[in-house]
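By letter and in written order, the chains are A, B, C and D; residue numbering begins at 1 in each of them.
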Amino acid sequence: MPLRPTPEVRGLARALAASAALAGLLATAACGARAGEETVATESCVDTSGDTVKVGSLNSLSGTMAISETTVRDAIALAVAEVNAAGGVQGKQIEIVAEDGASEPTVFAEKAEKLIREDCVAAVFGGWTSASRKAMLPVFEDNDSLLYYPVQYEGLEASENIFYTGATTNQQIIPALDYLAETGVESLYLVGSDYVFPRTANAIINAYAEAHGIEVLGEDYVTLGSTEFSTIVNQVKSADADAVFNTLNGDSNVAFFREYANVGLTAADMPVMSVSIAEEEVGGIGVENIEGQLAAWNYYQTVESPANTAFVEAFKAEYGAERVTSDPMEAAYNSVHLWAATVEKAGSFAVADVQAAADGVSFDSPEGTVVIDGDNHHVTKTARIGEIAADGLLYTVWESDGPIEPDPFLEGYDWAADLAVTE
Amino acid sequence: MNRFLQTRAGTWTGFAAAALVLFGLAPLLLSGFRLGLLAQFLCYAVVAVGIGLAWGRGGMLTLGQGVFFGMGAYLMAMHLKTADAEFRGGPGAVPDFMELAGIRELPAYWAPFSSPAFTIAAILVLPTAFAVLLGLAVFKRRVKGAYFAILSQALAGAFAILLIGQQSLGGFNGLSRFRYFFGFTLADPVNQRMLYFIAAGVLLSVVAVALQLRRSRYGELLVAVRDAEERVRFLGYDAANVKVVAYAVAALFASVAGAVFVPIVGIISPASIGIVPSIMFILGVAIGGRASLVGPVVGALAVAWAQTALSEQFPSAWTYAQGLLFVLVIALLPGGIASIASVARRFPTKRTQVEAAA
Amino acid sequence: MNIALSCKDIVVEFDGFRAVDGVDLELARGEVHFLIGPNGAGKTTLVDAVTGLAKYTGSVVKDGEELRGRKVHHIARKGIGRTFQTATVFEALTVAQNLDIAAGAGRSPWTLLRRRRHLPPHVRATMERIGLGDRADTPAGALAHGQKQWLEIGMLLVGDADVLLLDEPIAGMGHDERETTGRLLHDIAADRAVAVVEHDMDFMRAFASRVTVLHAGAVLASGSVDEVSGDPRVQEVYLGTAKEPADAATA
Amino acid sequence: MDLLVGQLLTGLSTGSILLLAALGLSLTFGQMGVVNMAHGEFIMAGCYTAYVVQQVVGDAGVSLLIALPIGFLVGGAMGLVLEALLLRRLYHRPLDTLLVTFGVGLVLQQAARDVFGAPAVNVSVPEALRGGVDLLGTTVPRTRLFIMALAVLAVTAVALVLRFTPAGRRIRAVTGNRDLAETAGISSRRVDAATFFIGSGLAGVAGVALTLIGSTSPTTGQSYLVDAFLVVVAGGLGRIKGAVVAAVALGALQAVFETYSTASLAKVGVFVVIVVFLQLRPQGLFTLRTRSLA
């Protein structure tokens, strides 16, 4: 504070006007392309002249999502090490530039831009939440670069610049419904966290239910991270549906399953089909609270295949015997191998060449052979229903007849016609 | 130095130096990506100036600035989405994310946002009016201090939850994928630089407004209310009105910052405006010096920069650092960086202590 | 007598306890009116009631206008000013700024949003009058205890209060400062009504024009210093217990 | 009718959880004016205490009974350290205590992440508390009945301590009038430390109990904190009685809102109700010291 009245700055209004004018002047002087005009494309700065080529690994290492995404980071690192051990890509060793998305969409966008523009990576692997993917999408499109996204998601998206190696809805949710219908389920109760994936999933479930004569007895959402389930579980109990379809996320699952078990509901009376509970989450919920419940994924650690045996062994050798492998980890692991195979096929690291060569590229992955669909940039995947066993692992109780073609906009399902508009 | 800066010539020199750095040096020295990052940080700094006014000068610890930041951001994002949709599909077209969510008709409350003028007016008026109403409701009833802080924090939590539930506002994913900004292609690096200049201009203007408010009689009155609200009331002032003005101005600043933030960063989602982001706004202000004018700006920039620079190498160390910064700065250096000079000059007069302690 | 403020049958109740129980009081311009009484007699509570801080029944009329139920700042604008037991000034602001704020309750928003170019003349004059003429740029927090109390009185003066309710204005002052304060009170009482809540009997004897003694929330006696001192009931409940006035002062 | 009874029960059980989380806050915030944002992390520390004890002891029932007093000591000790190292110098700056303790909370959270790992850990529910009891047409899990009982016990214990022990009387004296109590020879320093010990200890107890129904992860405490503060704000300054009423009212409100709208809107609804409530009863929320406004 001034100790005595100081001379007045009479022209503060003028100062304001001056800075505004200055900003305006510079802004207009610096005008770029307007809507509809051709933009000067940003030149890719990827350097392929040396012995190495860089790729980005962008995962949340801090914040609420770190728990899940660090596992994906490990899987990416494992795959890169394997590719390097096998002689690299186009004879070049791959070097990982790791970044922290900090569980915030804006940070994902910022770091993606840094990886592309400052580190000049040939491709980026990572992302988990849909929010982080949506935040990164324009960055990859504007800078014409590539993202490999490894998590099952709500579908309804297909970007030239993203390869989706996790399941879309017709590879996870619809098979789960098929399975429930096969086992005689005639009524469902839907419980989910309040965000895009559960809402989209439940829209699909409602449409499916209507077409297949299944009654939906209730649909409840809780805020992300909520741990108060007494009202909802009581409503579930009194609704007495044949099964519950659970799209809750994170810690909410812990509170939900504890409450569920405590009011006396069991997998035998009212099974819960979950789409976000993998090997990693079972420990926190407590096996005794969730034993016998169902999950829908494409991969479990217990899948029996030579490729998976090798994957699990390699992973445990690298990161410790107590670690488990899960679906998103496997999809991330696949994504690195798929990228490497595509680059080999294209004979080039250039984005356009990779995009052009992608169709039909395949990899013998732990879950079975996956093949890239060049039209929508998703991959074929085998759907599996798993049951949670006393050892905390999930065991396949049902699997689809071979890999399912990806259909992110559900164009192949008549009952889904009203759900989404094709882009 | 301080004395000089308080003279008219000093003020102009300060502004000229800041303008030189922001408009001259930074664009010259920084790559396009780094400049974009700086533009984002400048938005945080704008919020910080408002917090400095409300908290440092007015004693209102607003733990809910994310609400106003979010309002400005969402209002701007709504315009960008409708404009994009119109550009592709003609008037009344539905933005892409709504199509995906199965919304076929543009909701009525979206329609006016196709107008740029309406959008800008809304960004300036809506959050400010909301702050005035809320401020009157709270301050007239003499809810203050920690109670106010907790209420404002709960408000930020409630607001984020409300937004997550609104599918017609993008829900948890928020709004993203903007192509044009008032007709300019956002992908063009030249236009990105233009956005940076806008952010810099906004920051300078906001600092100028805050400076005038501080030096005016109102600024003295605000400090008086902060230090002894009841005394002010017994002098015949309605102290609540005094507080409402500062609160509303801080809300306005945050809203404008949010509006500029959206085209720069390309996304706004509830994750950027909830309880934790709101309290993180405070960290920069506390470090820089809550009661000073430039302190909050410097603090906000420093914290944002440190976060970017440190978090990638040491994600866990950064969380510790954040926590310890809160503890050490506020417990030991309540005047922030701005007070180091006076502390070092072994000049810890009552004045600085009192100001800092408020 | 020129009555400035008239209180009738004031009752203040806290959770069933009557802190002020039917007090009538008139304050006249030109008088320094002392309110005395033992701790808990209801002196400060009475001041709280008049200034709008405590809810009460009864009536407070200033210049023909009923003040009950008005808000604190409305009552202050009607020209009723008060000080507090602990001097309450704006410690971060200078003496000049303190007084300028106190003088400005009626300023327009436009004036408020501009800078103060120079001190209004009556503010400067008051600053001289309270003996702080050379301390204009001193932060109020750096003033001596007694100076803060003078500043607080000065703040009421520049705000054009003509009923001043002063709560222990000489608490903690030395002898000389008390004398100065006493003379200041008489000086300002020339065209104002001044009420002083005080424990210090010597000070009261020296400067009171009129004394009202409160006991257990009610008026025990009222009149000149001599009348009150001679009242046996007063001696019994109050003065009688305080053989040494200094005890009362520090109680 | 059944629905109404069900909601009432849900409200009671939600309310008792809120109350357990808020009771310690009501002491430290209401009676000392310290806004302890690390209270949530003290609750989290209680959760991990239950986890560690169970790892050592094995039997879920025995370990729960042992963990409750240990949780109290762990929470209390953390509170004592916090009070002695930091808060003591900040008593006249309540807003600063808020920010400082927020920083402490961040550090504790990250420490928990580094020690116990980011994934939630499992604390098993004792056999005796599994399953539910049919009450008035709805099933109430035994764990919730246990928490209700614990909440009643904790409130009673706090009330008794405040009323009948010398330490409690001193706490009440300092709350009532700090200066007067000091002149009466009560060391407000020691009383503050004692208050903080008890308040933080209650957070530890709450943490142990909450492992029965919720998850145990580094962010566990955060999810309870804002609601707990709202309970204290709505309940009024330093009033244990107010906190009890507010907790149950907010719990019931939440349950009713949740039944008739979505859980998300319920949160917003509760906030609106509190702001409106403040309009009607602001005097429940602040006390003005009339003799001195400094």
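We take it that contacts are C-beta pairs under 8 Å (C-beta built on N, C-alpha and C of every residue); 3 or more make two chains touch, one makes a residue touch a chain.
From a predicted model like this one, the values you see are computed outputs, not experimental measurements.
Visitor: Measuring from CA centroids, which chain ends up nearest the centre of the complete protein set?
Guide: Chain B is the most central one.
Visitor: Which chain has its C-alpha centre farthest away from the C-alpha centre of subunit A?
Guide: Chain centre farthest from subunit A's centre: C.
Visitor: Applying the document's contact definition, name the chain pair with more C-beta pairs in contact, A-B or B-D.
Guide: Taking the two pairs in turn, the one with more contacts turns out to be A-B.
Visitor: List the centre-to-centre spacing of subunit B and subunit D in whole Å, with centres computed as mean CA coordinates.
Guide: About 32 Å separates the centre of subunit B from that of subunit D.
Visitor: How many angstrom between the C-alpha centroids of subunit D and subunit A?
Guide: Centre-to-centre distance between subunit A and subunit D: 36 Å.
Visitor: How big is the gap, in whole Å, between where the Cα atoms of subunit A centre and where those of subunit C centre?
Guide: Those two chain centres are 71 Å apart.
Visitor: Which parts of subunit A, given as residue numbers and ranges, touch two or more other chains?
Guide: Correct list: 1, 8-9, 66, 194, 221, 223.
Visitor: Hunt down the residues of subunit C that sit against at least two other chains at once, touch-wise.
Guide: Expected reply: 84, 88, 92-93, 97, 114-116, 139.
Visitor: Hunt down the residues of subunit B that sit against at least two other chains at once, touch-wise.
Guide: In subunit B, 161, 164-165, 212, 215, 223, 228, 230-231, 316, 319, 351, 355 touch at least two other chains.
Visitor: If you look only at subunit D, which of its residues touch subunit A in the complex?
Guide: The contact residues of subunit D facing subunit A are 6-7, 10, 13-14, 17, 113, 118-125, 130-132, 138-144, 212-217, 219-220, 223, 254-255, 258-259, 262-264, 267.
Visitor: Which of the residues in subunit B end up touching subunit A in this complex?
Guide: 6-8, 11-12, 15, 19, 23, 31-34, 36-37, 40, 87, 96, 99-102, 104, 161, 164-165, 167, 171-174, 176-180, 183-194, 197-198, 200-202, 204-205, 208-209, 211-212, 215, 223, 265-267, 269, 271-272, 307-308, 311-312, 315-316, 318-319, 351, 355
Visitor: Flag every residue of subunit D that touches subunit B in the complex, lowest number first.
Guide: 29, 33, 35, 86, 89-90, 92-96, 98-100, 102-107, 109-110, 113-114, 226, 229-230, 233, 262, 264-265, 267-268, 270-271, 274-275, 278-279, 282, 285-286, 288, 293-294
Visitor: Provide the residue numbers of subunit B that touch subunit D in the complex, in ascending order.
Guide: 55, 59, 61, 134, 137-138, 141-147, 149-151, 153-155, 157-158, 161-162, 164-165, 228, 230-231, 275, 279, 282, 286, 316, 319-320, 322-327, 330-331, 334, 357
Visitor: Taking the complex as given, what residues does subunit A use to touch subunit B?
Guide: Residue positions touching the partner: 1-2, 6-10, 12, 15-16, 18-20, 22-24, 26-27, 30-37, 39-40, 42, 61-62, 66, 98-100, 102-106, 109-111, 113-114, 117-118, 129-131, 134-135, 137-139, 141-142, 156-157, 194-196, 199-200, 203, 221, 223-224, 418-421, 423.
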